[in-house]
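The structures considered in this document are given below.
After this come two complexes, each holding chain A, first together with chain B and then together with chain C.
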Partner chain A sequence: MKKIMTVLAVSVLLLPLYSISIERGREIINEVDENTTFSGIDLSAQLTIISEDPSDGIDKSKVLQFRNDDDDKFLMLIVEPVAQKGQGYLMIDDNLWFYDPQSRKFSHTSMKEQFNDSDANNSDFQESSLIEDYDVIQVEEAKLGSFDVYKIVMEANNNEVTYPKQILWVTQKNSLVLKSEDYSASDRLLRTSYYPSYTKAADTFIPNKMIFIDNLVENKKTTITISDISVKDLPDSLFTKAYVERVNN
Partner chain B sequence: MNNILKIAYRNVKRQKRRSNLLGLAIAFGVMMIVLVNGLTSGLIDNTMRNFETLLGGHVYISGDVMLSNKKVVNRITQVEIVDAVLPSVDSYVKEYQKRSAIEGKFIFRSNVSQQVVYGIDWDEEQNLIESLKIVQGSMDGIRDEHAIVIPEKAAEELGIVIGEEFLISFENVTGQANVGTFVLKATYEDVSGLGFTASYSDIGYINSLLSLEENEFQALSLVLYDMNMMDPVAAMIEEGIAEQGGYLKPESDEDENDPQSQMQAMFSSGVDEEPWDDTRFEVGTLNDFMDAVTQIVAILQGIALGVFLVMLLITMVGLINTFHMIMIERVKEIGTMRAVGMLRRDVSKQFIAEGMILALRGAFFGIAAAIVITLIVSLFTIPPESDFGFILNNGKISIIIEPLSVLMILIIVSVVTLIAVWRPSRKAAKMSPADALRS
Partner chain C sequence: MSWILVRIAFRNLREHLAKTLIIGSLIMLGVMLLVVGNSFMDTIQKGIEKNYTENYTGDLFIVNNSVEEISLIFSYDAMSKGPRSVPEYEKVEKIVNSFDQVDKTTGQLNGLATAKWGELGEAFVVLFGVNPSSYTRMFPDGVNILEGSFLPEDGSEGIVLSKTVAQQFSDTAGQQIQVGDTILLTTINTVSGAKIREVTVRGIHDYGDASFDLQFISFIDENNLRIMNGMVANNIEDLDLEETEKEDLGNVSEDELFSLFSDENLFTVTDDVSSIQDDDDYDSLLGDTSDRDIALEVDPHAWNYLLVKLADSGDTDSMVRKINRELEKQGIDATAYPWIKGAGMSAKLADTLSIVFNVLIIVIAIVAVIIIMNTLVISVSERFSEIGTMRAIGAKKNFIRKMITLETMMITLTFGTIGVILGIITLVIFRMVGIEATNQFLQILLGGDIFRPSISVSAIFTSVISVTIVGIAASLYPVSIALKISPLEAMNKG
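Our next item is the complex of A and B:
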């Protein structure tokens, strides 16, 4: 009886610590979102995407990225390889459009789709909104290489997000995601993402490099290097179908 | 009568060249109509069978549910409505097939193949089990939760052998990523001829992966005893669903003749404009998929009928001319026969018999030629995955020569011959023996 009472007492004493931990986890996730969202400024950058697929070999492509997070708009224009030059992904009014210069047509696509057959999803190029879609389940201090991190286990709070469960490794120092794992509804690891380094543009962080590893298909991964980062204002006319069509002429 | 036939047959043989040319024209016309009729019958038969195999029945009930984000997903949640309606059509139904479907990536090590898996109730799908031509493995243990039977080509693409485990990556009904683990029990040869192959696994496991309830399904196919009852049964089901308070999908402006859009509609999701509660039911039949095919068939049959009518007209004119010439050539012969006691009606009968022998001989040659061509065509195989896959029977073009159709052609040819020969035969019969001998 004494033992039971002791266990209960310890549990009651530890309960606030656990709830603080969850609350702290939510704060960290919020900081992650804020740290990587370009508020009041626009972003333009060049992405070099190298996709390694055991059946298709290695594909390299270059993409121009333009983001206006305040209005939830983004444009991705493929400039290399020549065969895909002019293809674009345009996010406007909560709709994501894919433009094919061959057919000169826009078709509706989804944030959940893979970007240009790589291991990156279209949503990976959008502003982060983890706090809206996920609940923090567990937070613990951990080490990732030489970095002190929080390991945060999150579960989706709605059934509409692509990954029902995510685990993030977030730096304790400045709340940046260094690694994330995406899980399926059957709790199988689908994808591991690494963000080994960041650049600060204005007050916002942007990863210099992103590595996405497919955990289902052996030896399949995508490396994205981000360069030529600029936070200059972008004209609204850039985020229009007319611009995407014009840039191809 | 026997003598008349003998004389008629001898007369046909007397003018071999003329008889053969006329017979050839008749044979060609008959051959064409037999072939086109057979081809269109085969086309309808193959297409219906291929769709029946693919869709698993003759009448289909599917349902859509609109999510809070307005996304439409393929799902029947009000199973009780379907259960209440089915007894009213039970006497027409041979087999019920409840199915759910996953479209996803089959992954084995570093090999990936895009495929469709139908979740089925193995105890209910006897037709399917019988139709699967197993190449490797066996159906023993196929009822195990993770067991799967896949097309032979998919197994080759994946480089997988019987007993090995592989993954299927897909999105569940709400769009979340999910992965299922499957154990390969058997591979089958694709004989659907549609160039579309599917894998089959336990509906319970597929439902759990799709986030459907255990008793739910995405489509129910009804195999009927009599295919002619497709539309009445579909109408009864629609009426029953409405009576039970179910919501039926309103008629749309979409191209209902396009089999591809019909197929996509059965297992697809999209964004819709008008919201609704619970399940929006849709009842379809094999005829919905066949409309486009029957239109092509009707055009083909129309062309064939046109060719046949032209051939008949040519034949008729040919017969009239031929028998007019025969009558002029044989005036003395007719006079002699009449002088020795041949009756007028026998002269007429002899002409008609001659015409009938000529026409029917040509018709039988035409039918024989059509059969020979059919046999030759059956030797060639076209890849089932080609664009024409859905009209083929296991990669072969089917020409179904129906006895009733052949009989009709023979009757039409006989009637036309009778009409063509009637006038010359009457003229010959009316001829006076004295005048004929004097000429």
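Our next item is the complex of A and C:
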């Protein structure tokens, strides 16, 4: 009886700690969203995407990225390789469009789709909205290399997200994501992502480098290096189908 | 001597009538099963072969050696990087047509795409890119047009949807797609990236119960599919990696990745590097795009497969060898394969079932050998004194061996013949009545709603050979026991 009472007492004492952890986890992922959302300013950058595939070999492409997070708009314009020059992904009014300059046609596509056959998804280039899309399941302190991190297990609360479950490793000091594991609904590890360094532009962080490892295909990986970052205001006309057609003429 | 042996063997079989009938019935049932089963398999295989070679695959096909996943029906390789088309297609076509046995040839392109019709209509399509005139010449009965027509022979754009895909559009859009409507096809390849093509529906066709694999196949003009597959004439891209980019290649070490930085230097603060001065600069971001037009120029001779129809399908294997010898001699990096290699799962299913059936027959044969052998051993034991006496009055070992073997062979051949006759009668009945295929799997396998098996001469021949082998094998051990009987011991026991 005494033992049972002790266990109950310990459980009651630990309960608030657990709930604080979950609450703290939500605070952390909210900070992650805020840290990487360009509020009140726009973002433009150049992405160099190198895809390694054991069957297809190595591919390199360069993409111009334009983001207006306040209005949930973005444009990705491929500049290299030359055969794909001018192809674009345009996010407007909650719709993501792909443009093929060869046929001069737009086609509706999904955030869940892979970006240009790489291991990155279209959703990797939009603003982060973890706090809206995921519930925090578990939070613990951990170590990743020389970093003190929070390991946060999250499960999706809607079907719109690319991955039903994610585990994030977030720095305790700056609330920046260093690593992410992306799981299927059946809890199978699909992708591991690394964000080893960041650039701070106007109080907002953007990863210098993103590494996406396909956990289903051995040695399949995509490395994205981000350069030429600017937070200069972008014209609204940039985020239109008319602009994507015009820039290709 | 032989006559005496036959009389003795016959007398023994009659005296042990029960055992003779048990063994005989087993053999009869086995042979009947063999004749019926092998005739079924032969009919299915021949039906599938005729259906495929005359309507979809030709007798043989030629493909680039770098293609790992060979399938004329559904191939992801069609969307992969590299020279996946038949190299030096025109030269290969000329080589193939130089053989008298070759009747017709045609090219085939393969592709996959998602298709959208209007706001709501969606479907997944497997595409055959074909030259309409040479394709319909080679497969005059291959395409059953339900509505509209086949692809225009003048080479203009278009798609002929499969009935299944047209139904998918109807289900998702809530209305029937019509000939003359346009649909958007979207796919991706590693040469020219994602591609969108708008094509006009020229017709709707039906492959019937041909195969599950074929139900999603739609025909598209060759030019559109080459664009979708990234089959370009000018490969002007060279991979140009900077030193830092080369360092990033290969495996990632998590420890190394996160020991280089710490909280203090995890991020750098950037200066704004925008080179854009005013809004007009955005219109010239891509610069000159004429190089893109050169890079996207389509190779008009790019085909994934060269399909070959022979004057006599029986020459397939020898022609595959001949063509491959010539391709090797000419240094062309392509290989010819018989149709079955690229015919997809349904065609191979019959082969797989045939293997399973034959394994089953081997297991049954082993069991039959054991049963017959045991029965003969008992029979020999019962005739211990008789055989001993025969040996004592001068019968040689060879005489005893022949006697036992002859007894076994008489049973096997007599009941085997009855089995063959019963098998033939069974097949005739099945052929007259017909076997109804109650589900789609059976319809695909049996090639239609009603299956009427043919009597296979090779099945009968195989059955007779098999039963003879079983008879000889089953008699070996009883003969060895009979030969060990010593006349003295037999007389003492008797």
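Assume the second predicted complex is superposed on the first by the 247 of 249 C-alpha atoms of A that agree within 3 Å, B and C clash if a C-alpha of one lies under 4 Å from a C-alpha of the other, contacts with A are read in each partner's own complex, and residues count from 1 in each chain.
The rule is short, and it goes like this: a contact is a pair of C-beta atoms (placed from the backbone, for glycine too) under 8 Å apart; a residue touches a chain by one contact, two chains touch by 3 or more.
Small disclaimer: the values here were computed from a predicted structure and weren't measured.
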item	value
Clash or fit (per the criteria above) of chain B with chain C on chain A	clash
First (chain B), second (chain C), both or neither touched by A:64	second
Which partner reaches more residues of chain A (counting touched residues only), chain B or chain C	C
Which superposed partner A:231 touches (first chain B, second chain C, both, neither)	second
Which superposed partner A:213 touches (first chain B, second chain C, both, neither)	second
Partner chain in contact with A:198 - chain B first, chain C second, else both or neither	second
Which superposed partner A:178 touches (first chain B, second chain C, both, neither)	second
Partner chain(s) touched by A:55 [first = chain B, second = chain C, both, neither]	both
First (chain B), second (chain C), both or neither touched by A:137	neither
Segment of chain B that clashes with chain C, given the candidates 182-190, 236-244, 362-370 or 416-424	182-190
Chain C-contacting residues of chain A that also contact chain B	55, 219
Touch list for chain B against partner chain A, complex	67, 69, 71, 105, 107, 109-112, 167, 169, 171-172, 174-180, 209, 211
Complex contact set, residues of chain C against chain A	68, 80-82, 116, 184, 186, 188, 190-198, 227, 230, 232, 236-237, 239-241, 244-245, 248-252, 254-255, 257-263, 266-270, 272-276, 279, 282-286, 289, 291-292, 295-296
Residue ranges of chain A touching chain C (in the complex, touch as defined)	44, 48, 50, 52, 55-60, 64, 77-79, 81-87, 98, 100-103, 105-109, 116-117, 144-148, 171, 173-174, 176, 178-179, 194, 196-201, 205, 208-209, 211, 213, 219, 221, 223, 225, 228-232, 235, 237-238, 243, 246-249
Parts of chain A lying in touch with chain B, wherever the complex brings them together	54-55, 110, 112, 156, 159-164, 182, 184-186, 188, 190, 216-220
